[in-house]
Amino acid sequence: MLKTAKQLLENISGLKTNMYNGDFLLTWDKTDDEIKATMYIAKILQELHKNNISTRVFDLGLAISNFRDNSTRTRFSFASAANLLGLEVQDLDEQKSQIAHGETVRETANMISFLSEVIGIRDDMYLGAGHTYQVEVAEAVEEGFREGVLAQRPSVINLQCDIDHPTQTMADLCHLDTYFGGIDNLKGKKIAMTWAYSPSYGKPLSVPQGIIGLMSRMGMNISLAMPEGYDLIPDTIDVAKNNSSKSGGSFEIVNSMEEAFKDADIVYPKSWAPFEVMKTRTELLRNQDSAGLKDLEQQCLANNAKLKNWECDEKKMSLTKDGKALYMHCLPADITGVSCKEGEVTKDVFEKYRIETYKEAGYKPFVIAAMMLLTRFPNTHEVLEMVARTANPRARHQ
Amino acid sequence: MLKTAKQLLENISGLKTNMYNGDFLLTWDKTDDEIKATMYIAKILQELHKNNISTRVFDLGLAISNFRDNSTRTRFSFASAANLLGLEVQDLDEQKSQIAHGETVRETANMISFLSEVIGIRDDMYLGAGHTYQVEVAEAVEEGFREGVLAQRPSVINLQCDIDHPTQTMADLCHLDTYFGGIDNLKGKKIAMTWAYSPSYGKPLSVPQGIIGLMSRMGMNISLAMPEGYDLIPDTIDVAKNNSSKSGGSFEIVNSMEEAFKDADIVYPKSWAPFEVMKTRTELLRNQDSAGLKDLEQQCLANNAKLKNWECDEKKMSLTKDGKALYMHCLPADITGVSCKEGEVTKDVFEKYRIETYKEAGYKPFVIAAMMLLTRFPNTHEVLEMVARTANPRARHQ
Amino acid sequence: MLKTAKQLLENISGLKTNMYNGDFLLTWDKTDDEIKATMYIAKILQELHKNNISTRVFDLGLAISNFRDNSTRTRFSFASAANLLGLEVQDLDEQKSQIAHGETVRETANMISFLSEVIGIRDDMYLGAGHTYQVEVAEAVEEGFREGVLAQRPSVINLQCDIDHPTQTMADLCHLDTYFGGIDNLKGKKIAMTWAYSPSYGKPLSVPQGIIGLMSRMGMNISLAMPEGYDLIPDTIDVAKNNSSKSGGSFEIVNSMEEAFKDADIVYPKSWAPFEVMKTRTELLRNQDSAGLKDLEQQCLANNAKLKNWECDEKKMSLTKDGKALYMHCLPADITGVSCKEGEVTKDVFEKYRIETYKEAGYKPFVIAAMMLLTRFPNTHEVLEMVARTANPRARHQ
C-alpha cells in the first residue's frame, strides 16, 4: 500500500464517526472526530488521486446537483467529487423543471432520489431560506426511505447556504493543516477574518460565518473585523464564542482591519453584505420589488464606497506576524487593478499568494468526496483501506 | 442468486419478445408477452438495486435525452435508467444546437448517434407532431445503421408524446401488479380514468389515452369519464374498445365522475385539455399567434371554471369499492389547498395516498431501463441472469 | 486480437510522437508522424467500437467542454469521445458561471481542472481571440501543474477556433483515407476547396483554412476558389503554400468555382465570410454596436446575393474527374430547396453524397478520442494494444 496513504489511514483509525445516512449541513453539528475524519479522508483521497489510484467505490449511482445560484468552482468541485467515487452527476435545473409550477419540495426530493446517493444543494440568496430548504429536502428523503419509496436514503450536502459554507471552510482547514504542518499547530495562532471593500454588494455571509464557526474549534485566536453595522448573523457569533471557550482559543470583534491584522498568522479579508441588508434584500426579492432592490443596492454601494480603505494591501500585510501571514480567499477575489478598479486586495498582495489560493481551492473536490464517503458508508475506514490496498489504476497505462 | 430475483427471472423465461434494435413508442404496438416482459424486468432491476447488486451491462455508451418540453420526473427517470445500466446521458439541448438553423431531423439523428445506444424523446406539445417526430428519428437511425453510418442502431424510447406515455403507464402497471398481488388479479376490476378540474389548461392527453390503451388489455372494466366535449383522440378510444373485447374486459364512456367512481377499485382523476382544444392550440403555436393563444386560454379556463365539482374528494371516494379504491396520479397533482386554490384532488384524499403515488412513480426508472434492456439485447433473459448471478456490488462496502 | 485492429496497430508502431501532456490546437503544429498517428488511432478506436470492444482507459476522470458558441455535432462528438475512453463530460457553462463577473481565465482554468484530463474548447466567433484564448488556458494549466496546484496537466483540444478546425479536418482525412484506400493515394489528387453561396453570412473561416493547412501536407493539388475579396487569413495561405512545396503538391488560388472543380477528385464547397468582414464584425461585437452589426449584415448579404451562381450543382459536378468527384461538407450544409431557398449545394447533388457526408462526420468522435489518447498517455501504442488484446466487451451480452 502507498506509504503516505497508510500513514493517513492511521490518523482516522481511532476516530469515532456517526455520519452514515446523515447529511453534512453545518460544521458545528459535527463532532471534533467527524471534522477530523472529513479532513484526513479528503487528504487520503487527494494522495491516492495524485498517485493514479482509482478511488471508485460505486459501480453506479447518481449525485444530484441543485444550484439555486451561479457558481463555477463549487459546481465543478461537486462534479469532480462525484466522479472521484464513481457517481454520475445529474443536475436539477429548476428552470427546466416543473418546480416553478407548484410542485412541492417534498415530492421533488423523492422524485429525484430513486437512484441517488447524494444531493448537493447551494441555496444562499435568501436569508432564512437556504438552510431551511436543505433541512426540508433531508426530511423528505428520510421519510421516503422510511416509507419504502426509496431504496437508499440520499445524503444532503451543503454546497453553501445562508448560514455556513462547509465545503469551503473544510478545504480551508485542509490547507492550514498542510501549511502549518498539522491542525494541532493551529493552537494559539491568530486568524484575522475581516471584511473588505468590494465594488459589488450582496456577497453571502456564509464564508465569514463558516470560518469563525470552524476555526474557533482549533484553539485559535480569532479576530473578526468589520465596519460598524456590517454584522454577521448573531447566532453564528454565539457559536464561535462557545467553540473558542471549549477549545482554549479566543474570539474578539473589532472595527479595524489593522487591529485584526496585527500579528496575525493568517488573514482572510473578504467582502460581505451586512446581515440586516441581507434580511431586507430577502424581503424585497420575495416581493419582487425591483425598485426597492435598486434603492437598496444604491444605499449599500454608497456605504461601501466610504470604506475603500478596507483593502488588503502591502502596508496592512506588514502588520502581520513577521509580515508573512498566510493570505486566504475562497475566490474569486475582487483584485484592485485586475478584476476591478478598487477591491478587496491589491494586485501585488494577491499575486504573492495566488498559487496558495489555488491550492486552497484544490481541496474542495476531495473534501466533498470525503463528506460523501462518510455519509454513504458506515465503514468508511475499511472501504478506504480496500481502495488503497487494491490500488486499481485510474488511468490505465498498462 | 438472490431468491426474489430468481423467481422473477422464471416469470420471463417463457415469454417471447422481438424488441431487439426496435423502439418503444406506443404500448399497443407491443405484444402481451412484450408488455409482461417489460414489467417483470423492471421489477427484477428494482429488486437487484434494492439489494445493492450492480445492474451495469454497458462498460461505455451514451443515452441521448431529447426533451422538447419541461419535465422533472421523466428527465430524472431517464437519467437514472441510463445510469442503472452503465450508459451516460448526453442531452440534446435544442437551444444550444443548430437545429434552430435549418438542420434536418434526419441528419441530427445520425450526428448524435455514433456512440449512442438509446434516444429518449419527450415531445407532447404539438398534436400530430410528437409521435411523428419520434418515428422520423427512428427511421433516420435505422437508415444510418443500414448504410454503415452507425455501428449500432439506437432504440428510440417514448418519454411522452401526443398519443401515449408508456413509461408512465408501464410504471402504473408495475404498481398495480404489486398492489393487487399480480396483474392476473386485475381481471374484472374496475378502473375509473376520469377528467378532473385544474386551474391550468392544456395538460397533455397522453396519460388518459395511455391508461385506457394499456389497462384495457388486462381484462379490466374501464370507465372513462369526462365532461361533454372533453374528448380524447378518437383513435385511442378505438384501441381501448378493441383491447377490452380481446381481453374479456369492458369499456364505457360516461359524463359523470360519480358514475365512474361507483364501485371502482382504482381511480385515476387527472386533468386534460380537450382533443379539439389541443388541435387548435397546435395551429396557433405553429403560427406563433400569441393573441389567439391568449384567447384560447381564456375560453378554456372559463369552461374549466364551470366544472370545479370535478374534484376528487372524500365524498366521491366513498362511492368506490368499500370506499377504499386505490387513488393514482402521474404527478404532479393539482392539490386543493396545497399546490393551488381549487384542483384535481383534495388535500385529505391526496395525503392518504401520497406515499402510494411516490411508489407508483418509483417504478419509472426501472421501467425505462427494462425498455432499454429489451431493445438493446437480443438475449435479455441471459443477460439478466448473468447480472443476478455475478452479483457485483453497486456500492462497494468491502 | 481482432485482425483488423492488429493491422492498424502495426501502422502506428513505427511512428514517433511527442504529444504527451501537450495540446492539439492547430494541425500545422504537429509533425507528419503525429498527424498519421492521430488518424490511425482514430481508425483503431472505430474498429474496436464496431466489434463491441470497450476502449475504456480511464476508471475515472473528467473531460471539460467549453463551448462559447452553438454546436450540435462537435458537442456530441466531444461527449462521445470522452465516453469512449471512460471520461465523464462536465460542461463549463459561462452563463451559469461567474466568468461573467470578472473571474480571470487563468483562475477558471485551474478551478475546473483538479480532476480533469482534457479541456475541449470551441471559440470561433471573435477573429484573433479564439486560438489566443485556448493558448491562454493551456498556459494556465501548465503553470498549475508545474506549481503543484494540479495533479495532472489537462490537455486542451481545439474544437474549432478562428484559425483551424482540426477535429473536422482530421475526420475529413480519415474519410479520404478510407475512400481512396490510403492517404498515400492522395498524392497528386486534386481537391477544390471552394467558397459557396449561403443565405446567412458570418460563417467561420476555420474549415477552409484547416483544409488547405492539412491537405497541403498530403502532396495534393489544392485549388482554393473564392470570389474576389473573400480572402482567408493571409498566414494560413502561407502555411498551405509551404506545406505544398514540402509535400510535392501544389497550391493555387482562383476566382472561379468552375476552374477549381475542373478535373477535381474531391470538391469541398462551403460558405465563409471574408477575413476582412470577420475582423470588422469582431470589433462591432466587442463594442456591442448592434446598429453597426445590422449594417454589416445587410452589406454582406447584399454582396453574397450577387454570387448565387457559386452553387454546387450537377453542371459543376460534371466538370470534375469523370464527373465523379467526392463531395465533402462539414455539415450542416445549406441545401437549395431543402434547408433554404438558395444555398451552397443543390438537393440532387447533396442527396447523392448525403450518406458519405454522414460517414465523414462519423470519424469525429474517434478523432477526438485519438487526440485525447495521444496527449494523455506517453505510451499510446502499448495502451491500445492492451485494450485490443484484453477485448473487454462494451455491451455485455454474456
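Each chain gets a letter, A, B and C, in the order it is written, and its residues are counted from 1.
As a working rule, a contact is a pair of C-beta atoms (placed from the backbone, for glycine too) under 8 Å apart; a residue touches a chain by one contact, two chains touch by 3 or more.
Because the structure is predicted, anything quoted here is derived from the model rather than measured.
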item: Contact graph of the chains (line, ring, star, complete, other); value: complete
item: Proportion of interface numbers common to chain B and chain C (over half same, under half different); value: different
item: Turning angle required so that chain A lies on chain B, C-alpha fit (0 to 180°, nearest 5); value: 120
item: Approximate Å spacing (C-alpha centroids) for the pair chain B, chain C; value: 40
item: Residues within chain A bordering two or more other chains; value: 56, 88
item: Residues of chain C touching chain A in the complex; value: 56-62, 88, 90, 92, 96-99, 101-104, 107-108, 110-112, 114-117, 144, 147-151, 376-377, 379, 382-383, 386
item: Chain C residues touching chain B - in the complex, by the definition given at the top; value: 46, 49-50, 54-56, 67, 70-73, 75-77, 79-80, 83-84, 86, 88-89, 200, 331-332, 334, 338-340, 355, 358-359, 361-362, 364-365, 392-398
